[in-house]
């Protein structure tokens, strides 16, 4: 969000309301979801979303590690979001950073809000999100991938969790920010929706917006999530109508 | 009676009270606990403030040191926020590396300070690309009675509003000078208790909560940061209603921080 | 202790025997102790001692963490001494350093020498000392704070543990060194006394002293500890004669 | 049925089959599973390749950055190989710091790349003793179906063969240029199953194995690296026989990597 | 192995086939093994091998630490190879590096191949190798020391494990590389032999060799191992024919 | 018989003996075990010494490297002491990061070396504020039979007394030269066993001890460091009596270290 002292801010919105990558303000980037992309995980999904490539895997319900996190009345949901060293322009040093730990926490809390964890006391449901190629919106792409992977693993849930970032760039409220819009825009607001209840289980925001802009952004985000929900459902239908495991292709 | 049983009974009680618009400590749903700010609590810091919200206490300390600016922002200083949820402050914290909860507090506070452009980082540049001030905001939670984010953010703001740039000590200028605070963001946290949404949750209310939302607003009408936490969900209309409440509380919180800075 | 190659050594003692901050050689800095300064700890104390500000909290007896430290015949006493990043002139990086670990060890051993740990087998008594503002003598201030916090927590002990550093500066044997005396003096000797037995449970020394000077220093330290003992007892009396929890003020 | 019981039954079965020259998936003892290489899988990397051998999948990504050469090799660039056996790829991996298994994969791959002089490190020198390229090879195991070393090495080779030196981006030259691959080492891994020695072991075969041997050969007839792993033993004659097999497989693996690079 | 861009490569082999330290191609450096070199370990050995000095100690069978590594049907063998900070020309920072972890792994696997671990289910046999002075071949010297230490500890094994590095330097296939040969030679191939079966339980290689050179190297290594086997056996005979524990001397 | 039971029986026995002025190994209460110092044990070190006190063995190694002086002591070299209580040396040490016990040994040794001005750090300055020698003292405990501090300190002193500054190797001077030792501090450790206070405790005596005190003295009559350890207490008169004993033993220990240096 508007790095201090940064230069060369690109034009993010044309006078005709066209964004830097040719999209309209309410238009999503192309999204392709492959459920069951991995062979050894209990559930998995590969998401290509614009220039993002994100893999998610789910293991469990299984024994809790480390043991002292075990809960007597429900499964614990452990999430690990990680970026590959080569997934960003400047090589990221391997290992957990604070950003990854915060994302892992809010994503785990989002899933805890919909998974029927009390059906599996004293177990762990482990969600792994690996960002292989990043171009803004990786936490939402990871959440979508993990949500499909949880379904692929047969974990009972109230609903799938579509997610998208809305925000403000070039003065306009837009959906699904790309990297330039994220870097040089005015606000970024990732969110995840429970479609059936219309409630949000993930919501973060950084930047600046008026209350009116925020209202618009929330509506645009809900609308975007509903579009993504369709793609998620289709990916799961494809998974179970085709016998062989789909290949991951670029 | 085990801690878990106590917790469960309290949770049930908190939710029952909330269903009738009531709270354990007698407050209204839109009422903060007593807030106090004690600036300059630590004389070894370049700025500091001890904030109490009810029985929550957070100490913020600022240190400024010359260092190297980031390559992508050669004309700006560097702001670094760190929170320590030290085990001294609560039976629930363990010693060891920072837990996700501590990281969340520091990152949410950092986000509001940064997004509101609370301090003008370009004024912390000494020699472009070569030398700039690194401003460390260290948040020390002393007593955890709930709503750490609001207390930590208010402590950070109070400490910044009170801070001195030690330019003379580091031989960079003839005299030390006050760090100028440009904007005053204030964070305001709510939790859902059944259908009630209450502000400034206590520790027991957070444990009973079905979702938490923090909203940072500033004095020129901007929302500058939000963070949903804990298990639970909010509708967009819930969010919009909390935004209005956050702006109202923000004014009061800002006044307290400014009063402390004067 | 006389940093090698350091310059600008101040005059630590006037010809009249007055120290750099106006005290006589056997005079303590002002000390203020607030027992029960925290709400959520089982016991706590805040100590302002000259320009030091130190908070201590006690939790327990409670479950031992990590489990393998549990002892079948007594409580383990775990101590963690920590300095806040902003407590010293040059910012201290957060995290345990070797000095803090050594202090934590000798302080824990001091308390193990007086706490009736065998009354609470298989439990842990956890002592946390946080230095918020430092000006020499923080381990003694921390020990005093923790000792009052243990009493506030109702932990049975043979005695309270007053502590003070004695040393040598400007050629004289002095009690309760301040920062200049610690940095530029000739010796620093922190000690903790069991007043009823007259024995020392903490004793460290760095610098140089003759055996005669050491004898003088030990006597001066015992005398100082007895003065601090009074203040500690008064703080506990105040705690239980006043209903509300005292406010911490600078 | 517990995992351990399943594992034991499978191990017995794998060994019985091997005694008759057979394998669980119907392959011959000297046959690889299906191999595919997808170069350029990751556009943010300076070179990348996704390799699949059967149901094992490893992604290699290359990043090149200017840095300082080692004091003892002032005229050379630096090659750094790192493998992450992320828990996403197998139920047997735990989160946390790199395990010995991950370290072994990265070091064995690194050894073959380095000993074969796959890339000419002296060409990665920019200013002797001052500045040279650091070439990071990061290996991300995505799906662990056995024989990670061969898959990881092939992915590394495929990624290097495809890599670009970002000289323009870092202001070091007028244009980016291809990283030249001088030699093509290929690693070939065998396990002993009773008296049989089979190539390209699956996960179940590795668990049943009584010794593992990896042999790296290059296109000019050199053996450039070896690594015996797991519990078990090989006679010198076993080793000599595996060397011959490794040279034969090496040609095929090289062709696949080169095909991917073309 | 031929560091890239390094200069001042010494002459490693004279025209008469004499190596830089005066040895012939098939000649070992002097080796001295002291079994039982330590008092408090269950088994120990000190090996001086050319300019290498390596100490090994064995503890166990004993309780497994950390507990979750325990195996129900056999002992786990845990190995830790470590180099002292002062054991090499340029000071090594204390702590585990990747090279040490890899060596620890292959050495543990070598011992698991000969120790009768199933006799001690649910226990750990801990092998510690400390390199005090290094001059190439430390993993082989450590393996030899640890093997004698295991025997000294009375751990039942199929056989002792002699080990040596063979390689190529100055164009010749040689046994037992010294530091110059390791640094400037063409190939390094450490191996460990089970003498009774004639099989190899450790085998690594780096550098380059033709298949014919490799065949020669393997034969030379087996021959070298058989010579070391004699010395290992003698050290154990000496240990049990002499009452007092031998002193470690340089 | 479990380790704990054995330990308890031994402890009772040690205390009973002490009540009669006796020790398990037949020594008097003011008697050290046999001490030996073997300087130059490690040829890769710039100085080294292997010290044995009874069945305790500690190896000290010195390494000197050019580096940057601390900003607050621009005219001095840097002394760094590190102790490793490696699990090879005792059944009680676990692998992992340095334990408090190891840290205490290194800090107490460091304190005596530093406070006695054993080496003149200003002579390790090469260019004020720019370059000075960093002197690393690494202490490797090989066999833990009690009284690690005295053995480690004697090893450090023996290694320093024997060390060479590698000025030629680092291109700083035309020739290497001996590191000059200015003062010879010696550490002397006592434990309380009931009312008896014995010197040079064994492992079993340390486990039975009701307090430990280490006193470092030098050859010009100064006490330069003290450290009380373990659970237990000493009266000021106890301390004064131990000081006298420490001076007597110090002379002997110094002679051993000097003999080794000659």
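For reference, chains read A, B, C, D, E and F in written order, and residue numbers begin at 1 within each chain.
Just so we're on the same page, a contact is a pair of C-beta atoms (placed from the backbone, for glycine too) under 8 Å apart; a residue touches a chain by one contact, two chains touch by 3 or more.
This is a predicted model, so every value here is computed, not measured.
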Exercise. Starting at subunit B, how many touch steps does it take at minimum to reach subunit E?
Worked result: 3
Exercise. In the touch network of chains, how many steps separate subunit B from subunit D on the shortest route?
Worked result: 2
Exercise. In terms of CA centroid distance, which chain is the most far removed from subunit A?
Worked result: F
For this session: Would you mind checking which chain's C-alpha centre is most distant from the centre of subunit B?
Result: E
Problem set entry | Averaged-CA centre spacing for the pair subunit D and subunit C, given as whole angstrom | 57
Exercise. Between subunit C and subunit F, what is the gap in Å from one C-alpha centre to the other?
Worked result: 26
Exercise. Just how far, in Å, is the C-alpha centre of subunit F from the one of subunit B?
Worked result: 48
Problem set entry | Multi-chain contact sites of subunit C, meaning residues that touch two or more partners | none
For this session: Mind pulling the residue numbers of subunit F that touch at least two other chains?
Result: none
For this session: Once you've mapped the touching chain pairs, tell me: line, ring, star, complete or other?
Result: ring
For this session: Can you trace the ring for me, subunit A first, then subunit B, and on through the rest?
Result: A, B, C, F, E, D
Problem set entry | subunit B - residues contacting subunit C, complex | 38, 40-46, 48, 50, 55, 57, 59, 61-63, 65, 82, 84, 86-91, 94-95, 136, 138, 140, 142-145, 203
Exercise. What part of subunit A is in contact with subunit D in the complex they form?
Worked result: 38-42, 51, 53, 55-57, 59, 62, 65, 80, 82, 84-91, 94, 126, 128, 130, 132-135, 248-250
Seminar exercise, completed: So, in the complex, the side of subunit A touching subunit B is made of residues 1, 3-6, 98-99, 101-102, 104-106, 109, 112-113, 189, 194, 197-211, 214-215, 218-219, 222
Seminar exercise, completed: Seen from subunit D, its contact residues with subunit E in the complex are 69, 72-76, 98, 100-101, 103-104, 106-107, 111, 114-117, 121-122, 125, 211, 213, 218, 221-236, 238-240, 243-244, 247
